[in-house]
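Next come two complexes, and both contain chain A; in the first it sits with chain B, in the second with chain C.
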Partner chain A sequence: MTLLTDAKIITTGNSSKAGTLYSIVPDSGLADLDITRATTATRIDSAGLIESVAINEPQLDYSLESCPSLLIEPERTNLYIYSNDYTTNQTGTNVVVTANAATSPDGTANATKFEVSSGGYRLTWGTFFSVSSANNGFYTCSFYAKNINATEMKVGIFDGSTFANIVTPFSYISQVNTSTWTRVSFAFQVASGTTLVGVEVVGTGSLGDFLLFGHQIEAGEWPQETSYIPTTSGSVTRNKTYFSKTGISSLTNNAEGVLYLEFAFLNVINGDQQIMSIGENSGASVNIGRWGNGYLGTATMGSTNLTFQLNFLAPIPDLLFHKQAIKYKSGDTAIWWGGVEYVTSTTTATPANPLDKISSTYNGLTNFWGFEGRIKSIVYYDTILTDAQLLALTT
Partner chain B sequence: MNIYKLQYDNKAQADADFLDKGVTQNIEVEGQQYLSNSSATQAVVDLGKIVKTKGTYSPDGHVITPPVFFDGVFYDIMTTEHIDFGTHALTPTNCVHGFAGYSIDANGDNVEPQQ
Partner chain C sequence: MLALKLGISLNNIKAGGGGGGDPVGTIITDFTNRVSTDGGTTEGEACLTTILTDLNDLS
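Moving on, here comes the complex of A and B:
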């Protein structure tokens, strides 16, 4: 008996088709996850290239490591029309623009070369991008850049009505190099009443030759870039991803067990709840994820929370992968994180319902408090593990 | 999949209509009331105001004529349910927004993704 052979469910970001992420255990398909995202999306593939994925196809993403993870992103809209066309709706001076000049991050020859001489700049013009003060006016601008021989590379954001700088052109040349593509990203906030913004794609002060690809401006309650959303004549929305699977009660035990997750958050901004769960009501459920600016772990039996831990602030959330487990049993419940037992509970309770569903939302509630992040693995045991096993599992 | 392109006088009117038509719903979680998308709702995209006539600008960045906006605010909804939005529903062409994998003008019931 080992941690591997004892597990009733093991799901990793390795094998999939449109609508399904296959679980390694069980091999019957009973715990294969149903993936819902009613739009296409993109991911970074094993070669490090941007690749489109089909509707409902899991984004098995290699952007952080050679080991893939299931990328679960929020709904986002790329407002930057003609996201990889630097000749339409742009103007400037002292910049020679050559489309399709080099291989881009998607592996095709569609990167654009900019040759900037003294006094050069280039900006989106005529058609600006509609913005609002929703989400507190937070936006993120991102793009891919690669230096050739430039001595300065700058980017800025301006108000599309008044032309006042929202982000004064700033240098990002220290972030990029001549051998690989780098995704440059920065957040900005628009004031109430701002309706249009433009991008100074080649910021005043830039000098020399460099390559750009794939601009994106996205609104969000937390400012950080998400996977690239290509656009042409209009803005484009990639829907939020969810996963779920019902009918798993034969694999689970509502009286005791362990739910384990190896995951990374997409942001560390104080925000809303982002949770995955086994169970779908307050009668019996186990949850892992994020609560505001901290980690979350809960286990409920009947109407009693065996543990309901919010904001365990040490460790402080970051963007790295971490391992967290909840051991649940009446009178013996604990949350383990990174090899440390952070929370224990001796509360007793009797489960009222089977654990019949696994989902990327809190208590299985559709469209509510959905998990957002990267998941390397989900593992479930139908009996509690020893402290030594939990230490090994979460270290 | 159903995609609807909608126009409202303002956000408050849109929010009320979405709740009335089941695009959103009030749910109680941990004793608190929350507004959430319904299970059929795949996306609610707030497009804000849409430019009707582009502004014109001098090369040195001065506005010659400011942009003119359509009246009201606009939303694109994706849902698995048929919803009659009445006079709020539009049938525009050359749209300013679309969903990834669908034609930018995809609109109405049972729209198919692009191949």
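Moving on, here comes the complex of A and C:
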């Protein structure tokens, strides 16, 4: 027997249709995940291009690696209207703007060329973008850029009411090149009372020819761009993605087992709890994910936490893929991460209810503390593994 | 005991170990057929092969 043949559930980010992420094990389809997201979204496909995905369709994303992973993002709104139309809602001087001048990151000829001469600039004009100081006033501006022959490329943010700089145009030319598209991203913070902002897409001081595509401004509890959300005349919201599947108790064991996850965080900022689980809020669940600024693993049996130390702040979170497993059994529970056993517990408890649900939420609750990140694989075993197996599995 | 006499560890029987061939490949073929029949699509098969092979190599 191997950890392949022993697994009761194996789910990876490889096979999907709208509403479903298929599980390799079991082959009956009993653990195929139901995907919920009431809006369309985009992903980076295997060719490295931005591609739209349908409502409820999983975002199988290649942003980090050449292998796909299930991307689960928070809800975000692109406040930047006409996100890829640089001839509407803009003004400027000494800049020649040519729409549809080159192939863009979505693979079509809809990138815009800017030819900037001395003193040139181009910025939002007409309808500015509504902001507030909620969530500490954090926003992220992002866009794709590719140089042609420019000697300087700058971008800035200004107050849409007072026209004072919020982010003085700064140079990003060192981040981009002439052969590939680069997504440029920067965070900014608006002060209390600021209600409108605009973007100086060609910042004063820019000089030469370059291409731009797909501007985005999004608010969030943490400053970092999420997948591109195209807009036209109004802002557009991409809902948060959830997965779940009930009726899996025949695959699980509430007395002992192992839940394994290979995943990556979306950011390194201290944030909300973001957790996936097997089980329900009925006295039996196993959870893996994020707690504030650390990793989390819990097993709850018979209303007793078998692992009392809910979160462990070391290792320090990053954006890379890591492997984590939680072994649970009365008197023998442990959390493994990256080949290291970080937490153990000898707490005993009598299992209460079956583990009947797998979901991207804490304790199987509906849309509660939903997981956010990239999942490469989920594997579940209905018996505990040896330390040697857990070491190998998580290394 | 017979297994031990034959030098076979029951813990080392891998997927498809008794039948030869490519066990991971068989699993993937069956899986992708199920997905396709259901109207879904599969991508990154080489990556999937790596994940399943790594699991199959652990006993």
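We take it that the second predicted complex is superposed on the first by the 391 of 395 C-alpha atoms of A that agree within 3 Å, B and C clash if a C-alpha of one lies under 4 Å from a C-alpha of the other, contacts with A are read in each partner's own complex, and residues count from 1 in each chain.
Following the convention adopted for this analysis, a contact is a pair of C-beta atoms (placed from the backbone, for glycine too) under 8 Å apart; a residue touches a chain by one contact, two chains touch by 3 or more.
Remember, predicted model here, so these are calculated numbers, not experimental data.
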Given the superposition on chain A, are chain B and chain C in a clash or a fit?
-> fit
Give one of first, second, both or neither to describe whether A:I217 is in contact with chain B, with chain C, with both, or with none.
-> neither
Where does A:E75 make contact in the superposed view: on chain B (first), on chain C (second), on both, or on neither?
-> first
Could you look at A:A31 and tell me whether it touches chain B, chain C, both or neither (first, second, both, neither)?
-> neither
Go through the superposed model and pick first if A:V258 touches only chain B, second if only chain C, both, or neither.
-> neither
Please work out whether A:V236 is in contact with chain B alone, chain C alone, both, or neither, and reply first, second, both or neither.
-> first
For chain A as apex, the angle formed with chain B and chain C - C-alpha centres, to the nearest 10 degrees = 130
Would you mind checking which one, chain B or chain C, touches more residues on chain A?
-> B
For A:T20, decide between first (touching chain B), second (touching chain C), both and neither.
-> second
Once both structures are superposed, the least CA distance from chain B to chain C in Å comes to 19
Considering each complex separately, which residues of chain A are in contact with chain B in the first and with chain C in the second?
-> none
Interface with chain B, chain A side, in the complex: residues 38-41, 54-55, 75, 77, 91, 125-128, 130-132, 134, 161, 163, 195-196, 229, 232-240, 362-363, 365-369
How about chain B: which of its residues touch chain A in the complex?
-> 1, 27, 29, 34, 36-39, 41-43, 45-51, 54-55, 57, 59, 61-63, 66-67, 69, 76, 78, 94-102, 104, 113
Residues of chain C touching chain A in the complex = 10-11, 13-15, 24, 27-28, 30-32, 34-35, 38-48, 50-52, 55-59
Touching chain C in the complex, chain A uses residues 1-5, 7, 10, 12-17, 20, 22, 24, 27, 29, 46, 60, 66-68, 376-377, 379, 389, 392-393
